[in-house]
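In structure tokens below, several structures.
Paired with subunit B in one complex and with subunit C in the other, subunit A is shared by the two complexes that follow.
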Partner chain A sequence: MVSHYDLSRTFEIKGRDFSKAGYVSINIKEILRELGIDPVIVRRVAIASYEAEMNVVMYASKGEMALKLNPKVIQITLEDEGPGIENIDMAMQEGYTTATDEIREMGFGAGMGLPNIKKNADVFELKSTVGKGTSYNIVIYLNSKGNV
Partner chain B sequence: MEKCDGRMKCLRVCPTQAIRIRNGKAVILEEKCIDCGECITTCPNEAIVALTDPLGERSRFKYTVAIPSPALYAQFGRSILPDKILAGLKKIGFDDAYDLAITCGDTSLAIEHFLDEYNGPKPLISNCCPSVVSLIQVRYPQLVDHIIPIKLPKRLAAREIKERKAKELGLKPDEIGTFYITPCPVKMIAIKQPSSEKECYIDGAISIADIYDPLLSALESEDEGNYRKSLESVCILGIGWAVAGGMHRTQKLKNVLDVSGITEIIKTFDDIERGKLQNIDLVVAYTCPQGCVGGSLTMENRYISYNKIIRLLETLEEENIEACRDKREIRERYRQKYFHRQQKYEPRPIRALDEDLGKAIEKQRKKDEIYDSLPKIDCGICGAPTCMTFAKDVVKGDSQLSDCIFNIPNRLRELTSELSNLLDTFGSIGESEGQKSSKEK
Partner chain C sequence: MILRELVDLLEAEVICGEHHLDEEFECAGASDLMSDVLAFGESGIILLTGLANTQSIQTAEIIEAKAIVYVRGKKPNKEGISLAEKRNILILSTKFFMYKACGLLYGRGIVGVGNLK
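Our next item is the complex of A and B:
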């Protein structure tokens, strides 16, 4: 939908590495802040990218997140190598989770991740192949108000 | 700043990267500074000083009242209770000394009422540490609506004192000087330039460190019989304000997080920003470790003074002593909006790379390029705390790439090749001239 981006950055995310979890979304947030982007938009991007990042940490073996932007739009894409999602419609429902007890004990995996991304994004597309991985396309327009 | 010899200790401790070394001396970038006092604590030369008032400032007023932070109560021996300290303050020349713990106790109750009614975004964040408020305004502008909009005890107290004393003594309010005895520089700055309250009733701030020696010699030790009486005058709700976790403990609040120390606060605020901790009602954060007792202008070891406050709380709990104002009275005042701030906290976001987003993006890319070319060892010799901040300074035009010592070999190489080019040209001129002259011969 947008072909031209003025800035793009990619970040590696390691699966099961809880000690580094959240760093990518903090990095993205810092970049947007330096650019002087509206704090409300920054927060929406921070939440969406954090939830996506956490999904890689919790379920996948690795992933690569990319931030692309121009003065009109911010796009976050994520490709992971992992188990994939069997039923995307179910996964989009609040409270639905496939997290293990161990992850839930750590305070994650409450089944709010994907619904949270959807709430904060203007466009959210999710494609998944079971046994291979999942890809996310998250778009937030710089002039949008969002539905949060 | 004359004492500064550019040793860069402050450069490394500043949590918001607000310090640069320019021409061998530390410079503080106001827009980024949150007045946490870390640099004051770390400076080996005492070159960075808090702008507190000397004791002599009192002579400007006809009548003076000392309003000590409850952290002062933790600076002396355990047998010295607040009423002795207040008496000591009067001995060293204040006309009166007010026990701020009482107003802190009132404010605790007001906060409790506010939490009960509140249904906005969670968690709320306490405003008791002005440095935390600045941190939010500068670094987490989207969290300003989470700051609890209740007035600070010292402002409430100073206003009340001025009004009451003016009436009692037949003086004008500005003839009465109210002096806050402060554990940290931030409270001072908040007094001189209150971030959003229009009127400020505090006339000055005197650091605990400055008042410590005279006060110590003016203190009388507590005798057995009076100890119990003194203890019975301590407002338990207010004493807790001096330490991280104190308010939480004395009010038995549920779902409250106590955070102290700037790095821990940053981690916690990052979580809040990402939408976590929404099941928490209130976060009480102090930038100084252990709370106000850990302030950079205090005298006692912060862990010792923390312990003193906790032991005092334990004693008061065992003895069932509260000595705070009547709860119904506070509820009534709360209903009349006595505690509510009229103004909202405004964000104070740091300057973007450029006002125009297109240009900012361009500069961001340039910054990445510069950063990639740097050694990434954060040596600080360029005057910036990290290679990343240096790259930012360069694209903003505040520094030059040649300020990086690792660029000197490159620069030398460039200069050398320029020089040899120059020599070549010069040499060839010389040669041709030489040939000419030989021909002429």
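Our next item is the complex of A and C:
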């Protein structure tokens, strides 16, 4: 397909900065849309990346998100510095949340973020070290139908 | 339904994005929970919400909603409005409560998410 289909970009995410929350994901969405990627795929990437970005803003001190793209896959990786997740299996369950009232008032903290990332991704790996941080690896194949 | 008719139906104030008013829509969703909107929203819907923060605008952009209708007279602040202008999204504000706003739309044949033919 198009030659500029090999791309790698990184973005900084600041923890607690709710006014800027979402900018990275919308940026990523715009990049993919301009490349002419299937809108259904772009949407799945955007939703997964936005939920991941919100989690950094809500729970961590800072993070770095990377977008990698080749003719077959879109990969979003995210490394944050923060409290980490003690029980990943539990965090992955629908409805599980440690969100504060402040977060809930902003329309998040329903415990749906990680399950929704999983739903939209073809591969979703979550690793975490308590007291240090969390890393997300999200892969979406350009030719996949997904589970949505 | 044309977005202009939606404005009349909900006696809404147009906050920004007026140039979209001649576009059509057929599906709507209502929630104050942005995670639910992200999980169940569809592109092209009208999003009715009581949450007038910047996150509702970012969320609408992510799911590619056609417009946001804020209920109970809510409006985004200046920061929200400039974000919505930047995102080129139609924002309406109605005095009606969520229940009435949804009922009026439903009564006019606007379906909920997951119900588009």
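We take it that the second predicted complex is superposed on the first by the 143 of 148 C-alpha atoms of A that agree within 3 Å, B and C clash if a C-alpha of one lies under 4 Å from a C-alpha of the other, contacts with A are read in each partner's own complex, and residues count from 1 in each chain.
Convention: a contact is a pair of C-beta atoms (placed from the backbone, for glycine too) under 8 Å apart; a residue touches a chain by one contact, two chains touch by 3 or more.
Here the structure is a predicted model, which is why all the values come from computation and not from measurement.
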With both complexes superposed on chain A, which partner does A:131 reach: first (subunit B), second (subunit C), both or neither?
neither
Could you say whether A:19 touches subunit B, subunit C, both of them, or neither, answering first, second, both or neither?
second
Return first, second, both or neither, reflecting whether A:95 touches subunit B, subunit C, both chains, or no partner chain.
neither
A:113 contacts which: subunit B (first), subunit C (second), both, neither?
second
Applying the document's definition of touch, where does A:29 land relative to subunit B and subunit C: first, second, both, or neither?
both
Name the contact category of A:50: first (subunit B only), second (subunit C only), both, or neither.
both
I'd like to check the shared interface: which positions of subunit A are touched by both subunit B and subunit C across the two complexes?
22, 25-26, 29, 39, 43, 46-47, 50, 116
If we count contacts the way the header does, which residues on subunit B are in touch with subunit A in the complex?
141-142, 270, 273-275, 347, 349-355, 357-358, 360-362, 364-365, 368, 392
So, in the complex, the side of subunit C touching subunit A is made of residues 32-39, 43, 49, 51, 53-56, 58-59, 61-64, 79, 87
Touch list for subunit A against partner subunit C, complex:
18-19, 21-23, 25-26, 29, 39, 43, 46-47, 50-51, 106-113, 115-116, 119
Touching residues (chain side subunit A, partner subunit B) in the complex
6-7, 9, 22, 25-26, 29, 31, 33-37, 39-40, 42-43, 46-47, 50, 69-71, 116, 142
